[in-house]
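Next come two complexes built around chain A: one with chain B, the other with chain C.
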Partner chain A sequence: MFYRLSGIHHTRYESARALWPVPADRWQVVALAVLALAAPLFVSNLYLGSYILPWLIWAAAALSLSLLMGLAGQLHFGFAAVMAIGAYSSIHLVRAGVPFELALLGAGVVSALIGTVFGAAALRVKGLYLVMATLAMQYLVDWVIINVPAISGGAQATLRTPAVSFLGLPISTLIERYYFALGWAVLITLFFMNVKRTSFGRALVAIRDKDFAAAVIGVDPFRYKLMAFLTSSFIGGVTGAVLAFCYYRAVTPEQFSFNVSIQLVAMVLVGGLGSAIGGYLGAGFVLLVPIFLTNFIAGLGESGWIYISQNLMAHLPLIFYGAMIIGFLLLEPLGLAKIYDNIRKALLVWPFRHSRS
Partner chain B sequence: MKWFTRTAGMAAIAAAMTAGGAVAQDNTIRFGLLQDFTAVYTFVTGEYNQGQRDYLTLVNQEGGIDGHTFNAIVRDTGNQPQRGIEAYNRAREEGAILFDFLSTPVSRALVDQVLQDEVVLITPLHGRGDASDGTTFPYVFPMMATYWSQATILAQYLKDNGGLDGKKIAVVHIDSPFGREPIPVLEALAEDEGFELRAFPYASPGNEQSATWSEVRRYRPDAVFIWGAGGGQSVSVREGIRNGIPAENIYSVVWLAETDAANVGADVMTGVHRYEAVATGTDLPILQRIQEQVIDAGLGAGDAAAVGSTYYNIGVATMAVAVEAARLALEHEGAPLDGAKLKAGFERIENFDAEGLMPPITITAEDHQGGGFGRVSQWNGTAWEPVSDWFAAYQDVVREEIEQGAAEYAGGN
Partner chain C sequence: MQHDSVTLPDPATLHPNWKRDDHLIALLARNARDYPKGVAMRERDRGIWHEITWPRYLDAVLCLAAGLEEQGIKAGDVVLVTGDNRAQLYFAMLALVTLRAIPSPAYSDAQPEEVLGQMQRENIRAAIAEDQEQVDKIQSVRDRHPELRAIFFDDPRGLESKAPAGARALEDVAEAGRRRLQVTPGLREDLISRPSVHDVAVLLHSSGTTGAPKGIPLKHGHVLAGVRNAAAAGYFHVGEEHMAYLPMAWVGDFSFSIAAGLELRFTVNIPENQETALHDLREIAPTLYFASPRAWSSMLTRVQVGIAETTGLKRWLYDHFMPFAVRLERARLDDRSPNALQRLWHGVGEAVIYGPIRDQLGLRRVKRAYTAGEAIGEDVFLYFRALGLNLRQFYGQTENCALAVAQSPEDVSLTTVGRPFPGVDLRIDEQGEILLKGDNIFDGYFQNEKSTAETLRDGWLHTGDAGEFAADGQLVVLGRLSELVHKADGTRFIPTWLENRLKFSPNIRDVCVIGAGKDFLSAIVCIDFESVGHWAQEQGISYSSYAELSQRPQVIALIRDEIARLNAAVPETLFIQRFVNLHKEFDPDDGEVTRTRKLRRNVIDDRYGAIIDAIYDGRDGIDYEAKITYETGQSGTLTRHLAITDLPERRA
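Showing the complex of A and B:
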């Protein structure tokens, strides 16, 4: 009914293997793209700058981590450190006179190199042991940033981003920063969806499922594990730079602390491992739900609906937030993306119910 | 018929509320108290914020300022910059003209935005100390002694009570930018006054400091400055005493309060000194009025037992200064207030001591620190007892540090 499938015959491999073979999906994507492009026209600055902009950037970060955790199956609990390396390198590069376009690439390269060095631990260890190795990266990078004033920006440990332009277009007003972040998020999304269909993506999936088996069928685990870390860290580093230049515009070490790494992992897990829409849903959930809950409960308190102490008032959103995470994961352990998928599959055959999966 | 009267009544109430809201809109001055209630600063935020809101309630109960009342927008930011940014933008849309984040990461992340939006940011006892330079940071007001001034006040107290020459001072600090902040100023003083200084860092968050303190014991210092915040402070005091350092030789940064004394053991801690920014206790005119008109009237924002505690009184003092600034702004600049007028009000504050609650501060367009005053107090087993008058010390050294930091900021950091 909503996703009408009758009359859709794929006569060529290209159309059958398209990203969105069903027209209804294509229309949804087009509608979303139009909405995103027109957002500055109908969304207030508050929501554009404090909700949508960070959401897009964090979704890109979640996707780059999802490439590593979801596709290649390598756990990473220090991804905020990867983004920090990108953010700090890009600012220092721009200050040294490198054009912003090259500084972004440079940020990605530096993050990719350092990220791969720590990722090399994945060649020897797996699972929880890899978590420990990546945690070590988080703490080492934090320590270096805090203790080297040349990196962190002196006694106050704050580094402001210089004014930049991208391909001749300045990036300073909110709308310019929004479009730049949107462009980056779209690019990463398309890359993420396509990488799953390449031999590289399939090799990563093979390694995720069982690295011995992958080696037997001719996928070199050494090469592909390192490449997974390299790719993911490169994208993560550039996303860190985008976060610094488009959103924070003043970088401090706390913005990339251990908590942020955990939030990123939560985004990937709650959203759904290895899913593009899951990156957006997870980032939206982890980033925005606490804000909505805080404002909602504070609003209830101010309008006199509930009489509770400030302390409880501040903790109530956390209680609900925790309950929501558990609730969603109990309802669907594969994440929000799977819930979306279930709804879509039900709608595909609605009003009948015979092809539930 | 019944439903009709009920609907009509509700409509009337709704109309009254909107009308009332519309009137209040013009004469309400909004402050955004967007603080960290759930993550890192929880040891202070609850009492601090309660003091702030109780004082604003007191001002409103007494009729406001020139018919203007005050409204606090309170939100939790969880010490996360991105939540601070959201809360700031929202509160600014709701018309707030003064902000207090009580969180160094959030304040740092928003300094640029505040300067651009021309609204007032107060950073008492947190944030960038170099924001005391009003020429570089026109809209940021630390308004209480920076950590540099706190260090110089403690040093001056030592000098007045036994001298500094030839003494050995240990600084036991949390290993973070905040913990390292007093060291450059103390190093400069060590050179001038001829004492020996050594820093002993411990790892954040400071629950475990035994290795650090056994080194401190070997150093045999004449005085120990402890420079941390939250749970690490009571650990420092306990470890210091365990390692044979007399309690009266321990000098703390502002973050040491009644709770820490209870954690260490009130009698064990007897003798410990601390820097004090604001008088503690309820034996003060403002606190008496809060007790009568806010707490006894059932309008208090929290637990009545917290009234008069260290952090509660600091909260009251911050709002006393802010309301005084608003009063001066209304008097000299006229209503309706905006960020620029409120800033001008702050810069007119002269010898304001909130009826004895705090040292007399004077804020000028250059000096947003207010003079860097404070005093030293000592734990007597049940309460903090002042052992000196309000004073400021070595402000030339502090000013040098402030200007150096401000120059770095202007250079892009």
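Showing the complex of A and C:
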């Protein structure tokens, strides 16, 4: 209904391959960009710092994982460990006097190396076996971080992030941290959308769909599976560093526990495998919906409209939250991104059911 | 071979007001000079629209002209051009025009015999063909026309190293021409200055339904006059986006895509092929769109089919908003403007239904939508106007560049075709024939002085169409003059005109209007079995056969309403006062209609004489003994009672 497709013609193949060839999509992107840039002006600090900022970073993390799970089809149940490696590496690098810019890169490189080593298991095994291999990574990394005081600073220690600046701009106030996180999320999103259009991205998709068929058409599964782990772990590690410096500002091993890995997988699945917008929708759903549900039910209880025991109060939001995940996945197994896509496609052919031309 | 059918020593005396250097190639050179970045053409090739700027357009034409001259094309040569719309073919036509040769386009789906006839009549020595298919077609009749020396083709696919003798790729010709232009100083300017406004720019053809097609030469001055008249009246604007999808052999394509394209700097968009034309239309979203009534009608069907299979909510919205807009449009044609609330509601419909459908059809940016050629159905006309397209009718023939009479935005109506363009004189003679005069009227048929003398008298073009002026001075085209008949009191009418309007109703399959030499008009109606049968089922009316269905009182009332609606739109003298529903459809096997479903009136008058007599005797029914020929060859009779129904004689 809101989409206008007539008059869109391409005089070069480059424009036909553009990310957003439809003007209505471009307008939506522009509107979102303006909203995101202006958010500090009209969103309170509480919401900006507790909701929007983590949402952006977790969306970037979900996109990193989606690159591996959605595009290359390699399951990873230890992605929080990858991010932990990035977070701890960057902190130690900065503490050692390495500039923040290089520390971010270093965090990515360390994560990529360790992530790829464990990912090498994917060369031999698939599916549930790969899940086991990545779970092993999660537990090994957790154990190492906790038990090596040189990394964690002790079992119960909390490492504060030092004050840093990026390209001469300090990153300390909330607004500075917000814009930095926004920049990183936008960068990852653009990277993710563009990877899908490159030969690398297509090779990953070929491996996802059938790795030996991909081998038959000349895609080397050995090389591309390792590259998928390498790329995904690199940006996952940097995202972990961004999370530590922009949001937590002090890291403990529990922040990257197994639960977090499962949450990341949930973000990718609920949002939609291999979809950029799905990363945002999934991260938003997993992060924000429990908070809203808790506030909503607490509000209901306080208003005296219904009586809820303190015990139930703690669990009711989780029950609804679980039901919503199951509901969405039943309604559309391909995730929230697919729901968005369905709505968009219906509006594209409105008022018809199919394209008429 | 010089075109000299109109034997005048100096063509300039014929049109003293034309300026010699005011020709198509000069316009092309002007555009190339003044608008070096302007996009003159877009041609779709494998999904990509290749843009051709004015300088490249001129360059392509001049290279081809230089190359074709090298190949022996001389001034006055008639050259066959055949194929679907392609940029290269437009360049070739203009290259011929540059050399003062005469392009003679043929329809791409013409039969080999037709092409042969055209080549023989016009003594064609060279042909320009789009692709292998067209080359093969020409080749298949070449042995009977050995004078054909050369074939030039655009698309080499299937012809590489297999081209028949004397066939060359246009690309090679253009390349040779380019080299010639480089080594010959002054050749470009020489080529541009060669044509004259008095040269024939194109040799088009009449449809040839009766006898061989007649060649219709149009000069630069004719087409330019037509285009300028149209532009002066606002029917074309400068810089339109235009879709060149209609056949190149049709006058409209030459007028729109070449003459108007050059004079008014259109961007001419050429679809990938005929099959993708509707899809490509949407990619371009032209500002000017012409389609035949049939094409508009099939577009409407496309929408209706799409709505029929869409989801409930969308269908419900459509079923609400579309009839609402049609009602408003009908009121607007009756000079009643909508009130504020209706306008607001129409705005909602625009967002929800009208805008999206225009976008789906690729008509979102159309400012000027036209139809011509035959009468357009009221439903179709109102539908597209209600959709927000300013659909208008115009009227013209090949002989006047198809640019003669059109409706202006203010006085749109269903029955009229509008007023003559500025610069065109229109009158209707004593026989009721439409006569036209103006600079856009051609100077005579190609080597056919007899037909020329019949058609052009004292400068007036005798169109052969019967017409009259409506009360507001607009022209009403009734039909072919040869079909005109008179009532007993001398009132002229054309049965086909009335019949076609009745046949716009889905309930009427065929109808024969009777009244020659009678006091009033009457009609023999064949209902549409499928449509009326469906309606009857919905109404719970039982029937077992066509004959039974046709005599059901409800069905008779249905047809009565259809005729009453026509009566409301015509003068009282043309009221159909009585009708009968026939017990069978007209059948080509019984000789009542031709295979193309044209009525054979003498057979109908003869066979149904008893019914006609009963109608004019004032009886209200007849027991008609129908002769039936069984498939075994035996014949028998069957008696049917047919009801004769009256309609009011005057307006209520």
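Keep this in mind: the second predicted complex is superposed on the first by the 350 of 357 C-alpha atoms of A that agree within 3 Å, B and C clash if a C-alpha of one lies under 4 Å from a C-alpha of the other, contacts with A are read in each partner's own complex, and residues count from 1 in each chain.
Heads up, the rule we're going with is that contacts are C-beta pairs under 8 Å (C-beta built on N, C-alpha and C of every residue); 3 or more make two chains touch, one makes a residue touch a chain.
Bear in mind that the values here come from a model prediction, so they are computed numbers and not experimental data.
J.: Is A:160 contacted by the first partner chain B, the second partner chain C, both or neither?
T.: first
J.: If we overlay the two complexes on their shared chain A, which of chain B and chain C does A:309 touch? Say first, second, both or neither.
T.: In the superposed model, A:309 contacts chain B only, not chain C.
J.: Quick check on the superposed pair: does A:124 touch chain B, chain C, both, or neither? Answer first, second, both or neither.
T.: neither
J.: Where does A:252 make contact in the superposed view: on chain B (first), on chain C (second), on both, or on neither?
T.: Only chain B is touched by A:252; chain C is not.
J.: For A:350, using the defined touch cut-off, is the partner it touches chain B, chain C, both, or neither? Pick first, second, both or neither.
T.: The second partner, chain C, only.
J.: Using the touch definition from the top, say if A:287 reaches chain B (first), chain C (second), both or neither.
T.: Only chain B; A:287 stays clear of chain C.
J.: Please tell me which partner, chain B or chain C, touches more residues of chain A.
T.: It is B that touches the greater number of chain A residues.
J.: Based on the A-chain superposition described above, do chain B and chain C contact any of the same residues on chain A, and if so which?
T.: none
J.: Inside the complex, what are the residues of chain C that reach chain A?
T.: 42, 44, 47-51, 278-279, 281-285, 302-303, 306-307, 309-311, 314, 317-318, 351-353, 355-365
J.: Which residues of chain B touch chain A in their complex?
T.: The contact residues of chain B facing chain A are 37-38, 46, 49-50, 53, 74-76, 78-83, 85-87, 89-90, 93, 104-105, 108-109, 111-112, 128, 130, 176-177, 180-181, 184, 301-303, 405, 408-409, 412-413.
J.: Could you list, by residue number, the parts of chain A that touch chain B in their complex?
T.: 44-46, 49-51, 54, 95, 146, 152-160, 162, 247-250, 252, 254-255, 259, 287, 290-291, 294-295, 298, 309-311, 313-315, 317-318
J.: Which residues of chain A touch chain C in the complex?
T.: 1, 3-13, 16, 349-354, 356-357
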